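Got a structure for you, questions after.
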Amino acid sequence: MGHNISEKTKGVFIIAATPFQDNGDIDFDSIDRLVEFYIEKGVSGITILGMMGEAQKLNPDESTAVMERVLSRVDSRVPVIVGVSNPGMGNLVTLSHNAMNLGAAGVMVAPFAAQKTETALYNYYESVCLALGPDVPLCYQDFPLATGVNMSVDCFLRMVRDFEQLVMLKHEDWPGLPKLSQIRKKEQDDGSRRVSILCGNGGLYLPQELARGADGAMTGFAYPEMLVQVCSLFHSGDVDAAEDLFDLYLPVVRHEQQPGYGLAVRKEILRRRGAISTALTRAPGPKLSKEDHVDLDRLLARLESRLN
Amino acid sequence: MGHNISEKTKGVFIIAATPFQDNGDIDFDSIDRLVEFYIEKGVSGITILGMMGEAQKLNPDESTAVMERVLSRVDSRVPVIVGVSNPGMGNLVTLSHNAMNLGAAGVMVAPFAAQKTETALYNYYESVCLALGPDVPLCYQDFPLATGVNMSVDCFLRMVRDFEQLVMLKHEDWPGLPKLSQIRKKEQDDGSRRVSILCGNGGLYLPQELARGADGAMTGFAYPEMLVQVCSLFHSGDVDAAEDLFDLYLPVVRHEQQPGYGLAVRKEILRRRGAISTALTRAPGPKLSKEDHVDLDRLLARLESRLN
Amino acid sequence: MGHNISEKTKGVFIIAATPFQDNGDIDFDSIDRLVEFYIEKGVSGITILGMMGEAQKLNPDESTAVMERVLSRVDSRVPVIVGVSNPGMGNLVTLSHNAMNLGAAGVMVAPFAAQKTETALYNYYESVCLALGPDVPLCYQDFPLATGVNMSVDCFLRMVRDFEQLVMLKHEDWPGLPKLSQIRKKEQDDGSRRVSILCGNGGLYLPQELARGADGAMTGFAYPEMLVQVCSLFHSGDVDAAEDLFDLYLPVVRHEQQPGYGLAVRKEILRRRGAISTALTRAPGPKLSKEDHVDLDRLLARLESRLN
Amino acid sequence: MGHNISEKTKGVFIIAATPFQDNGDIDFDSIDRLVEFYIEKGVSGITILGMMGEAQKLNPDESTAVMERVLSRVDSRVPVIVGVSNPGMGNLVTLSHNAMNLGAAGVMVAPFAAQKTETALYNYYESVCLALGPDVPLCYQDFPLATGVNMSVDCFLRMVRDFEQLVMLKHEDWPGLPKLSQIRKKEQDDGSRRVSILCGNGGLYLPQELARGADGAMTGFAYPEMLVQVCSLFHSGDVDAAEDLFDLYLPVVRHEQQPGYGLAVRKEILRRRGAISTALTRAPGPKLSKEDHVDLDRLLARLESRLN
């Protein structure tokens, strides 16, 4: 399983949208197209069935079907992480083992509001690790705005110390820059394991996050090539060029990062770029109005003119 | 479908626990036993796949299997309401139509935190009604402590006015006594449809709620016979006897009503009463410690001695 | 300052209501009357300017005036704890030092939602202790339903170990029985300081809490004599008599414990008992309707008849 | 009072920081300097004692002193709005009347989490208006991320219809672009009063908001001249120039907009620009670390080089 995610994983793991047909059914042709689109843009990996992938609106058969289609289309060209958060441990484990058997590179788990203290949080991830078994690499999704669960640096590092399979942090605490620096500093001070940190929040702070020790991004921005080039310029030492490129896209990044609403924007951009056939989100979900399209037309026209 | 729930529904709809085996699998024998237990105690109906039924920890196949087993065992002796809340409208509708086809009497839907304004709330229930079709009777579960969604009396009555299939309110806003009185008063003042109101919150305020116009209870208290007798005494006009009986059980009602923790108490009492085989809740879920059992032993012993 | 609160403090610290006149001004005569009422009923101490004391609706001059009046009327007959929670550390410290100078026995501080992790929580209480100075005994108010801040047993015991002046826990996590047992067990296992634990939540679980190691109650139930006698019977070993007495009042305890609404109930009972002149709460605040009075009349009549 | 805010108010109302000395006392000299700084940069008005002004950490005497100093220094050159949100109606009214007597142009009120339904919200603002009297112009601060209170377009327009003194919306719902469009559309469709809408959220969406009908900004960005020029270019019809200018500052806007943390960034920029003497926020408050300064140095250097 050489392609599993690990502490060394870096680059851009794109959060894949889940494309639907106009009738709300999963659009498998668009899945194929989207996978090719992402790989063509140079992503290092793909994350599926995350919150932005509308995973909570799929039934388990659909989740499995999406997983199968993506993994078979990817065909080991890049590693694939599967979001498996679930209120029931049994369902979480079943989905994870399915994913790993189909060739996933690891799973991502966010906490639930029921984990009200850091002791409860630690205990929950301990049970998750035990239930998954040691061969399933784990990414912690730290997204308090969505989960309601906050985690301290100390709590995270305790988990890293005790759970070997916890190899990655999806960092989307907000504001999160100081936390990122603290994790990197404490890891070093304590001589503890340095995990992979990929950043979310739509990429809104990517240059700052890279400067503070992030290994890349895990988000779904509809221009993955920007994320890829920013990371690659940064890692090659051309920090200014990285940020210059980022700033060109920042008006669109900021527009797409709006919670909820942003998913409709993202899918519409993917549609306009030919990556998926329709921008539909499953009900109840956001939809763009005429005014929303006007905004978007303008923002994208401005981006185009700047890129040329 | 003469046994569908309607505005006239009254009495006690017991929220059914979902019994598991020690290995976490669904315990179908215990389902049978539990159904008989509930019916023997005189309930007017049964609600399954609610929050206290750990519905969110079942997969859809299990949900269907539980539904089938309960409905087949009940065999039309009492109406059965099915909890169908789901982040995806498609899944909600599929589950609802399955339920109705199998003989359910109606479905119960709670809002999601995503319904952030009353306009959004109204629109959501409008789509639910449209998607279900007019033949599926609907119960609104008003449980802000769990859902994070608050609804005004005005908003509820607007929905009642506009959505004919909305025939019942599961009332568990907290505190909720003034709201109950206001609904009953406004219904009358506006000459609008008087819906059925069954009360939750573990039954903690049942005598006061009946006095303010509730039609009964919808909760899972492990001594359903108390709920049944209290409602029946109250409706026969013997208000003091109803409350005297209630007060005997109140120490246990209050103990079982604790959120989260209370489910472990409830299942343990059902186990002690022979209604189910083990008290296990699915992980992650509450479990009773030695100290918790000591409390419970004492509370139940005191109840027994008072009843005799 | 021999009467300061300490780890040995036990009994009932009644949370004092703040009485107003019909025009909303503070009713100092009623303060005198209320103090005498509480002392007459046998309370071990009084807590003022808590959430149920509408402290957040007083201005600082009023807070000081209330403090002065209560402390001068109490005249060292019982210790007085002052609630000093405040978004600004400066204001918190000023109020605390005023309180101690006027003869208070300690201060109570609840966390803010801004303390999002247990590290932040620990750091906040560390700054509070530093800013107060070591001579101000501190009570931690653990009320997640109101503050949004959850604290683990481990986090609390770390604070107890490191902050000597932290001598008391106001326990109102909900459900909180397991937490109480865990604190008592870990204190013993670790050989750490055993702090005083007084329980809130309107007294709803008092017998169970005493059995699990609580030292008493800190709540504002309008029949303080019940809390006092229950604690005293329990501590004298007559556990059954304690719980029998408690159960007589339980219907009213449960009614008064409803958040927000319950304050209007409590003040109305205090008014009916002659302890204060009007039941007014400051706007925006709860008010009893005609239906609410009907409930209360009935509950109190039933209580009276049971007591006689 | 010709300079009171009204439905016609437009432009940039800068949210003023409250400057402190190193010992935490209010720095009145910096207040003077800051006022001159803001006016020099061309703001249309100033808003004081808002959330970003750390109002909740001042005591009432300090609030009054800040108000007096700002109003006297401004000396009617621009209108001043005062944030008066307060859990107690009495305190809110006192502060408001003080403000108006000292020459304020209106007051701003945000709802509390206690306003759990839209009916409660409406009733609260009705009481606020009654208590303030009709001569105090009111701005509604719609900031659900901070207050926990969501308000629908319908609810807002009902308040506008019924409360004449409600003349302004501080728009910072997030995402909020569709809401802004809906308000402007419904106002027109219903022929109702068109209120002033000034946008917050740190200015992050200002060009889009202006295009959708906002009248300006109310936020505290540390380069007020950008906000002023963007609004002025936009209103003069040069929409592209407005957005070009905005985009130059966007990296800093986005950095400063981070909740909590952003206040420390903002104050540090104001300090570097000579507008205030120290960047201190009152405890407990955010502080910049060495890494945070590195970020900021870099972002500001990049801004400078782009502006030249």
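For this structure, a couple of remarks:
As written, the chains take the letters A, B, C and D, and residue 1 is the first residue of each chain.
Convention: a residue touches a chain if its C-beta (ideal position, glycine included) is under 8 Å from a C-beta of that chain, and two chains touch if they have at least 3 such contacts.
This structure is a prediction, so every number in the text was calculated from the model and none was measured.
Between B-C and B-D, more C-beta contact pairs join the chains of B-C. Relative to chain C, the chain whose mean Cα position lies farthest away is A.
Superposition angle, chain A onto chain D, using Cα atoms only: 180 degrees, a multiple of 5 between 0 and 180. The distance from the centre of chain B to the centre of chain C, each centre being the mean of the chain's C-alpha atoms, comes to 34 Å.
Per-chain Cα centroids separate chain B from chain D by 46 Å. Counting partner chains per residue, chain B shows two or more touched chains at residues 260. Those residues of chain C that touch chain B in the shared complex are 174-175, 177-178, 181, 204-205, 208, 211-212, 243, 247, 250-251, 254-255, 258-262, 289, 291-292, 294-295, 298, 302. Interface residues of chain B facing chain A in the complex, by the touch rule stated above, are 24, 54, 56-61, 87-91, 94, 112, 114, 124, 127, 131, 260, 282-284.
Partner chain B is touched in their complex by these residues of chain D: 116-120, 144, 150-155.
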